[in-house]
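Each of the next two complexes has chain A plus one more chain, namely chain B in the first and chain C in the second.
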Partner chain A sequence: MADLDHGLAARWRPYRAVLSSRVRAQTSYRGSFALDLASSVLIGLVELAEIWVLYRSVDALGGLDLAAVLLVFGIADTAFSTADLFVGHVDTLPRYLRAGTLDVFYLRPQPLLAQLVTSEISLRRVTRIGVGLTALAVGLAVNDIAWSPLVVAFLVVVLLASTLTFAGSFVAAAGVQFFLVDASEMTNAVVYGGRYAATQPASVWGKPLVALFGFAVPIAFTAYLPVVALLGLPGAEWLPSWLGWLAPLAAVWTWAVALLAWRTGVRHYQGGGG
Partner chain B sequence: MTRSGPGTRTAGGPAIEVEGLTRRFRVRGKGFARTEVTAVDDLTLTVGAGESVGYIGANGAGKSTTIKMLAGILVPSAGTVRTCGLEPVRQRRELARRLGVVFGQRSQLWWDLPLAESYRILAAVHSMAPQRERERTAELVERLELGGFLTTPVRQLSLGQRMRGEVAAALLHSPALLVLDEPTIGLDVLSKQRLREFLLAERAAHGTTLLLTTHDMGDVSRLCERVLLVDRGRLAYDGSLAGLSRTVGARRVLVVDLAVPAADLHGVPHAEHLDSEGGGLRQRLAFDDAATTAAAVLSAVSERVEVRDLSVEEPDVEDVVRRIYAAGGR
Partner chain C sequence: MRLSPGPQRRGGVAGATRAWLRVHGRLLVSGFRRGAAYRGAALGGLVANVVFGFLKVSVLTAAVAAGGGELGGYDEAAIIAYAWLSQALLGSVNLFGRTDLADRIKDGSVAVDLLRPLDVQTATTAQEVGRALFQLLPRGLPIIALGVLAGGMRLPTDPPTLALGLLSVLLAIVLSYLLVYLVAASGFWTVETRGLQVLYMIVSGFLAGLFVPVTLFPSWLYALALATPFPSLLQVPIDVVSGRVDGAAALGAVGVQVAWVAAAFAVGHLLTRAGRRRLEVQGG
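Here is the complex of A and B:
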């Protein structure tokens, strides 16, 4: 067991060295770091206010009332911001590709994707996660939930799975960048559009959105469907309410797509018939 | 041909083995048109462990493409490549432990961190034991004279300081093969000199195999005992630098100082006027040893003007390379 611990520590050492130095670099300028943290909170609050304004004029949207939507927002925003903190910076890949600095990663004995993911950490997202968690806590308090160990386990699994789904969508978008070098706006539309869509009831989506965020990038599974399942709501007719239990499956699917996209992208970069 | 190096400490086979190596790129033209460009064309060569080799050629001759295939960044279109006995693409992570590369234009360092911190991270990246890390870092800091700016963020370093820092970064894990892609580009004379002296010492101490691409013939003549010349992706010459000069016919240069300024000395038999200084007071003429002698050129010049002083410059390698290209029909 001690050997195993030692092996893990040794294996983790390259990544830990980079990450801890990034953390020190980001926190060394206290003033600007504080500003970053504050602006992160502000953006989170503005998005929350948007929902509140919307529900000032309607009582329910797509079968969800304000309390339920708060829960959807809380789960989606917490998961997305956590994914953004750890993986979001992979969207700088086009810059590496243009400058040729990706080649430097080839000279280090770790997998490329693992190096890219651990090359940075976006600490300022911490406060954004705080906003998400607050919305989630309030959402859990104001909704009528029949608490049980199963419900707690469900919430934990959903949060983990949703974070992984969003992280996977970042990686999939990065894989596509190998082909589109100058079209990161397009993949950003899917990734950040997905985040926005995740905070809304999926039952109001049009058909193209359902195809995109229901299945291709399974954003509906990150927050909306789990909340429908948790609160025992009727949900949309095209998505039965038990689908919320399949959040982990959505994460697995997203990562399968993400790793395939990444692999194909790297092959294309190396010119191996990609 | 000079093939054997003095330092053959590295056990096992050659450092680089390349056979029939070819790399084609599809280049996008207008609309959907694609043309295929062959960047590296049927290259076959071997570099033994401990050798020091200059890999030279014009821009676009295929040097960087070759290096990328050696490092496992690019997959060859045809042919085979083995670096340090490994298949670069398939065994990239293993190769990374034995190979160091300095890209003249791309930094391995973290621009917002001091060198000391970058080396600490790189030591972790290469899983170096703490004692080895301390010894190796101390050795490189001393030999490359990095001590004065070890705690300065990389973005504040001069080009010469940064390049020395880059070389130390590539050598930290003691690779058996060091590839340098234009290491002295943009450096001043003194920085170049220091870097070359360091590379000679590093090779003598550790038997490191060196492969360097360069436009600077000073690098080649100071550092390399063997020259590989690529032209349009093909190997045009493989041998010693002296042999290269002999192959194309070495041109020596006669420098004459005149008593009074004169018009440019064109039309001297078997000699070519290169340039004039001081309004024609000092003139340089290139001549081919095989066709004439320094004495013959001097007497032809003396018939036209009064010579006060003279010197003879030995073959200029850049001139040699230019002539190889000219002979190749450029």
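Here is the complex of A and C:
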């Protein structure tokens, strides 16, 4: 056991060295870092304000009242921002591809994806997670929830699974970048569109959106369906409310697609030349 | 240093104006061509705009339905038009706050721009507007077509309304670049403008009505938005193009846009003059 621990620590050491250097680099420009932290809060607040403006004129949207949608927003935003903190920077891959600097990663004796994921950590997202967690806490307080150990376990599993789903969508998008290079906005549509979609009541979607964010990229499973299951709401006609329990399955599906996309992309890549 | 004969040498205000228009016209065309060079990026942007368009349409129409068929003066057709038109303009109206000029000020290459016998503000604006006008073809028109065909969007077709709508769109594009120029020009003092750019992106999108029409804001927030140039970037051109605002009200709205263009131009002009005295390029 001690040997195993030692082996793990040794394998983790190079990643840790890179990550701690990135943390030091980001925090060394204090003014700029503080501004980044503040901006992340402001973005979160503006998105909440957009929801609030809509709910000023209506009582419920797609079967969710303001309290329920706050819970959806809290889960979605916490999960997405956490995924963004740890793996969001894989969307800089096109820059490496264009500059040919990706080849440097091939020289190191570590898996490419593991290196890319640990090449950066976007600390400025910390405050954005704070906004999400605050919305989540308020959402849990204002909704009528029959608390039990099962509910707590459910919430923990949902948060983990949703974070993994979003992280998977980042990795899948990065895999497709090997083919697109210049059209990275196409995958942004799914990744960042997914973030926006996750905060919506999925019951308002038309067929194209259900196909895209209900199943292909299972964004509906990150926050909307779990909240419907948790609060015992009627939910959408195209999905029974118990599907909210399948959030982990959505994460597994997303990662299967992500790893397939990544492998295909890496095999397609032929080097930067030179 | 004079790199080419100044326009004033050939005498007369008319000659100078002609030369100014010719040079800036060429810059506009070069910007347009530059936009045309990046087809993949244009396609990617179109896909992103379409996906967000579907999301916006579904939540906004659900809100109209929940409000009993009417929401702050928007019925279903009007809100669909709002959602698709805002997506169509997004490729051309700069709400991101980013320009190449910010990088050129940061790395010092703006010194070369300042040596040219051209005003940096008008020259960069002409180029950026050219690029933005190109984006209307791959990102604006397909989304309008999609909104009409799939979304049931209706647009007024009588020539005066159409002409005023196009003018309003053009003013919104020009205004957005004059405003983003102010963000970039602040780099003469601060060098790094990323923080201000991000702030601009957050505030301008919200107050322009990117996700929720400004007219749905509570009155205090609505008044705050109207005190800024941002509604002139999306809310106003969408209202005029869709015919939601017409007649004298539309003329008034376009007049407000013209006033903001003049104000942004004047402030940018002053910043440029003060900034070129302030600029310090390191290295040599």
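Everything below uses one rule, namely that the second predicted complex is superposed on the first by the 269 of 274 C-alpha atoms of A that agree within 3 Å, B and C clash if a C-alpha of one lies under 4 Å from a C-alpha of the other, contacts with A are read in each partner's own complex, and residues count from 1 in each chain.
One rule holds for everything that comes next: a contact is a pair of C-beta atoms (placed from the backbone, for glycine too) under 8 Å apart; a residue touches a chain by one contact, two chains touch by 3 or more.
Since this is a predicted model, take the numbers as computed values, not measurements.
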Fit or clash - chain C, chain B, common chain A
fit
From chain A, separation angle of chain B and chain C (C-alpha centres, steps of 10 degrees):
80
Superposition-derived comparison: chain B or chain C, residues of chain A touched
C
Partner chain in contact with A:G130 - chain B first, chain C second, else both or neither
neither
Contacts of A:E50 with chain B and chain C, given as first, second, both or neither
second
Considering only the touch criterion stated at the top, classify A:P248 as touching first (chain B), second (chain C), both, or neither.
neither
Looking at the overlay, what does A:P94 touch: chain B (first), chain C (second), both, or neither?
neither
Looking at chain B versus chain C in the superposed three-chain picture, what is their shortest Cα distance in Å?
11
Mind sorting out which residues of chain A both chain B and chain C touch, each in its own complex?
none
Enumerate the contact residues on chain A facing chain C in the complex.
32, 35-36, 39, 42-43, 46, 49-50, 53-54, 56-62, 180-190, 192-193, 196-197, 200-201, 204-206, 208-209, 212
Please name which positions on chain C make contact with chain A in the complex.
38, 40-41, 43-45, 47-48, 50-52, 54-55, 58-63, 66-67, 71-72, 192, 194-195, 198-199, 202-203, 205-206, 211-212, 216-218, 221
Residue numbers on chain A that touch chain B, as the complex places them:
10, 13-14, 16-18, 21, 25, 99-101, 103-104, 106-111, 270-273
Under the touch definition given earlier, write down the residues of chain B that touch chain A in their complex.
23, 25, 68, 71-75, 77, 89, 92-94, 96-97, 99-101, 103, 105-108, 110, 112-113, 117, 120-121, 123-127, 170
